[in-house]
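Some notes on the structure that comes next.
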Amino acid sequence: MNYEKIFSKVQTTINNYIDNGTVATYIPELGNVDATKFGVFLTTVKGEHVSLENYNEKFSIQSISKVLSLALAYGLEGEKLWKRVGVEPSGTPFNSLFQLENDLGIPRNPLINAGAIVVCDVLISHLNNPKKDFLEFVHRISGNSSITYSERIANSEKLKGFRNNALVNFMKTFENIDNDIDEIMDFYFNLCSIEMTCEELSKTFLFLANKGVCPFSKEKILSKSKCKRINSIMQLCGFYDEAGEFSFRVGLPGKSGVGGGIVAIYPNKYSIAVWSPKLNKRGNSSKGIEFLEHFTTETKASIF
Amino acid sequence: MNYEKIFSKVQTTINNYIDNGTVATYIPELGNVDATKFGVFLTTVKGEHVSLENYNEKFSIQSISKVLSLALAYGLEGEKLWKRVGVEPSGTPFNSLFQLENDLGIPRNPLINAGAIVVCDVLISHLNNPKKDFLEFVHRISGNSSITYSERIANSEKLKGFRNNALVNFMKTFENIDNDIDEIMDFYFNLCSIEMTCEELSKTFLFLANKGVCPFSKEKILSKSKCKRINSIMQLCGFYDEAGEFSFRVGLPGKSGVGGGIVAIYPNKYSIAVWSPKLNKRGNSSKGIEFLEHFTTETKASIF
Amino acid sequence: MNYEKIFSKVQTTINNYIDNGTVATYIPELGNVDATKFGVFLTTVKGEHVSLENYNEKFSIQSISKVLSLALAYGLEGEKLWKRVGVEPSGTPFNSLFQLENDLGIPRNPLINAGAIVVCDVLISHLNNPKKDFLEFVHRISGNSSITYSERIANSEKLKGFRNNALVNFMKTFENIDNDIDEIMDFYFNLCSIEMTCEELSKTFLFLANKGVCPFSKEKILSKSKCKRINSIMQLCGFYDEAGEFSFRVGLPGKSGVGGGIVAIYPNKYSIAVWSPKLNKRGNSSKGIEFLEHFTTETKASIF
Amino acid sequence: MNYEKIFSKVQTTINNYIDNGTVATYIPELGNVDATKFGVFLTTVKGEHVSLENYNEKFSIQSISKVLSLALAYGLEGEKLWKRVGVEPSGTPFNSLFQLENDLGIPRNPLINAGAIVVCDVLISHLNNPKKDFLEFVHRISGNSSITYSERIANSEKLKGFRNNALVNFMKTFENIDNDIDEIMDFYFNLCSIEMTCEELSKTFLFLANKGVCPFSKEKILSKSKCKRINSIMQLCGFYDEAGEFSFRVGLPGKSGVGGGIVAIYPNKYSIAVWSPKLNKRGNSSKGIEFLEHFTTETKASIF
């Protein structure tokens, strides 16, 4: 497949796209970003890569890191993990607290905030130095030891973290939280603050397109079965209440973040990262989804 | 792939499976079925087929027919269809009425009852003789003109159809129902009453594994894009609130019915139908899911 | 207490009231009413009465009749009635179907639609000729045999009755409906269609201010205990999700209807009926509540 | 009315009452109480008083103190208070977070936890030394300066306060919390820890039966109108999702606490406090309600 040619064609198409999205502003650090930024980076499991525009600029990956913490926790905890968090889509967003109440403190999946907080709790129970150990895991799978947290963003998130504080306290009432709440939330807010370029993001997720094996080091990060299951969870739960729409339009497992990043996986083929800060009403990068829809249409290939 | 050998191996494994499920009994016609029945039939897009046990006995496909009515309606109505019904997973089952209220009468997807009722309404607006025309569509895609409704089951469903009557009346208050309620419900209950064998079910769904082209007549039933989108909807919404679990364990798009049938698709490869009447707590065939999980594990192939 | 003087004073005050309400229009028969109509009638247990403006014009009492059907059913069925319907306030309006689902088909109270439908079902089980027998009950308690149903309104309600049809079908799935659905709904829509003047309404409800004894015939309609309990239910559930606000502002048990009528009771003292067709956002007569608030303030007497 | 004789009669009746309730155990301090304790104290606005059994033992009044903080806040803040918290019953208990989400952070009433937390926030904005100033208010209305917080219970509540922490954080996301969360929760947990005897409780609430005037000092604590409104709120919201049942059975405004206390008011007549630690399924003293039902039946007087 000539990805370069397809990128070029989609880039032309997308030039006419009128983006009615808006940049996330709940913390100033996100609101200050240049809304016109746009970058794409694709890496194949064979080592090819293609890029577009601002592919080499750092942005806040935000919720995308929830997949990485899930991968580490699933490897450490195994199938016991699913007693603490489900694998089902979450339905409408405003339901989160309602469903948590209804499901007795078990979040519906590990990619919504409540589920990611439980995953942090699990990691703290396993790791000696959670923040440091997690970063080392990211370095291992990405082959890039420069990736790190943004202390500024983590602190800013913490100051606005009332809803997440509500979630963790609420789950504690159902005894689905083991460790100290402050430690969990510090870890959680740091995870969300990780910054990557499209290139780094694409490479970091490539092991999920490669049966769980890091394509750079050849290290087996996850079993093939666990790798598939994470992809399945991304497919069903990666875009909040727009998971169906993304699957319908793009046809690939993926994950978005409010920083405007999206990463998607074509199993056994490639990992692609897109970045455009303006978000649609459901909190996902509007131009990012538009690009990916045209891209999979042009490649004539989706998993379905 | 030697599917025969894999079938044989999985059959042996599954022999030890202790099935704690229970047969659906809300209408006597379903409750009277022999709970020990078990059949499997796989058809590849190349024309191979493999079968197991009671693959040649008729059973009530129930909600599986919702995919067929969706396919016909999507072809006739096009993308306008999605103004009447969504493509998102539905969350917990008991939410159905609640979510319908919250979403102003727009069902979350066409594979839950409310959505399938809207699809029936759309079909009635398009077809001269809905029940007859729909059956002809099923004959076309299956290459089998003997498939038909069970009047006995349709009547029995109608007598117990209070919840579905509640749904259609409720959607009418939001003006998402155009035609006569009694006509819609008669059509809906007939759709649910269709009976097929595993062989027939597998063959009927093969066009969805074959880019929308009927593998027997070579007729194009749906565009490639529409075909993929229906597969995406099955992946995210085909198993009620167990969609995530099915995707996680089996990794294929599929649809279940309370008659104990399941059909699953591997795009570009095969369609597989399983039948075992005992249902798990979430209303899906327990042994059926177990078989499919072992089957995709043995084939070492899922879409993820 | 000089009620005449107080009426006159409140009338002056209320003249300046800017009514931002809107007349109910979901059926044309309600929408066609003259929005400027305003009537009040007070009857004391001692036989005094005071009136204002259009007190002698008929209007559709709508949901106010739910108290009358409750009174008849409670007398016939006794405390067993509370196995079929609760006595708790219903919370927000849009919850109705949700709460019905959550409470397994038991409506929260007999003054919301679902509860009133159950009461109709109970009455049909007791009465030979429900519509005729109910009307005779109303004639007995009001001392007025001219009160009757409006066939025109009943038929109009029936044509728009999808939500109520949804409720009755839904409760049937929980086996909280015994009789034929069509018969229940015909009875229900007729109850809602009763027309009274303010004078008739005030007199009809006077037995509830008089310990259950009809003040005209001296007939004991309900035991003192049952009478108090109906007043308690009106206090907590008589104004949908505005029950607290009405109790807070007016301090009396009462019931409203979308025709713009309100009736309120001061136990052992009086029954007062107000009519003004414009409704506030919660479906209760805005000028009606305003009048009653000023009235109880001027009388310096509420039950609290 | 010969209250002494009635007390004696009801005491005899109630001796046969089989109490299936259970003592609250979520904090050890409540669980350790003697479950057989039973006390009653009635004070009339004319200064009469009658008592039964353990009327002179201290117990934790818990949520009953929410009425006192409301009274103080309402006096200080006036009608602006109702922009921060509603006056409507709350429906089912598990809805609390759901309704808070639906109502954009405005609690339904000041007697559920979320509402009482907002009231604490309001008080902190008004008072120099909230804990000290509130206690002085209690001393003023009760004419008893020995009433105080239980530090032991406040600390114990704090350790188990995850759900309340969830509520305050959640309301903060809707900007319905002004002050420091830790300060609010410290104040809130202290309020819940106040201990009184039945005698003290009965006397403390007597001003609400006396048009807002403290019967001991003759000081006007609240305007007559504000006093009535607090009674209305107690009537509709004082017993969580059992408000209707309590109103139905007892017919008086009142408030319960998980320590097994109940206080009820007969406007212009009396204040009565009951204590029995075993709670029914809805968290209200079962024997307490039973006593009050028989008591108001015997007095042949309720507000309805």
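A, B, C and D are the chain letters, set down in written order, and residue numbers restart from 1 in every chain.
What we mean here is this: a contact is a pair of C-beta atoms (placed from the backbone, for glycine too) under 8 Å apart; a residue touches a chain by one contact, two chains touch by 3 or more.
Note that the structure is a prediction, hence the values are computed from the model and not measured.
Which contact partners do chain A and chain B have in common?
Shared contacts of chain A and chain B: no chain.
Please indicate which chain is farthest from chain D, where distance is taken between mean Cα coordinates of the chains.
Max centre-to-centre separation from chain D belongs to B.
Any idea how many Å lie between the Cα centroids of chain A and chain D?
Centres of chain A and chain D (C-alpha means) sit 47 Å apart.
When the centre of a chain is set as the mean of its C-alpha atoms, what distance in Å lies between chain C and chain D?
So the centroids are 32 Å from each other.
List the centre-to-centre spacing of chain B and chain D in whole Å, with centres computed as mean CA coordinates.
A distance of 55 Å separates the two centres.
Going through chain B residue by residue, note those that touch at least 2 other chains and give them in order.
Residues 102 of chain B each touch two or more of the other chains.
Chain touch graph shape: choose line, ring, star, complete or other and state it.
ring
By the touch definition up top, name every chain pair that qualifies.
A-B, A-D, B-C, C-D
Looking at the complex, which residues from chain B come into contact with chain C?
So the residues of chain B touching chain C come out as 94, 97-98, 101-102, 162-163, 165-167, 169-170, 172-173.
Under the stated contact criterion, what part of chain D meets chain C in this complex?
By the definition above, chain D touches chain C via 86-92, 95, 99, 102-103, 108-109, 224-225, 227-229, 231-233, 235-237, 241-245, 247-248, 251, 253, 267, 297, 300, 302-304.
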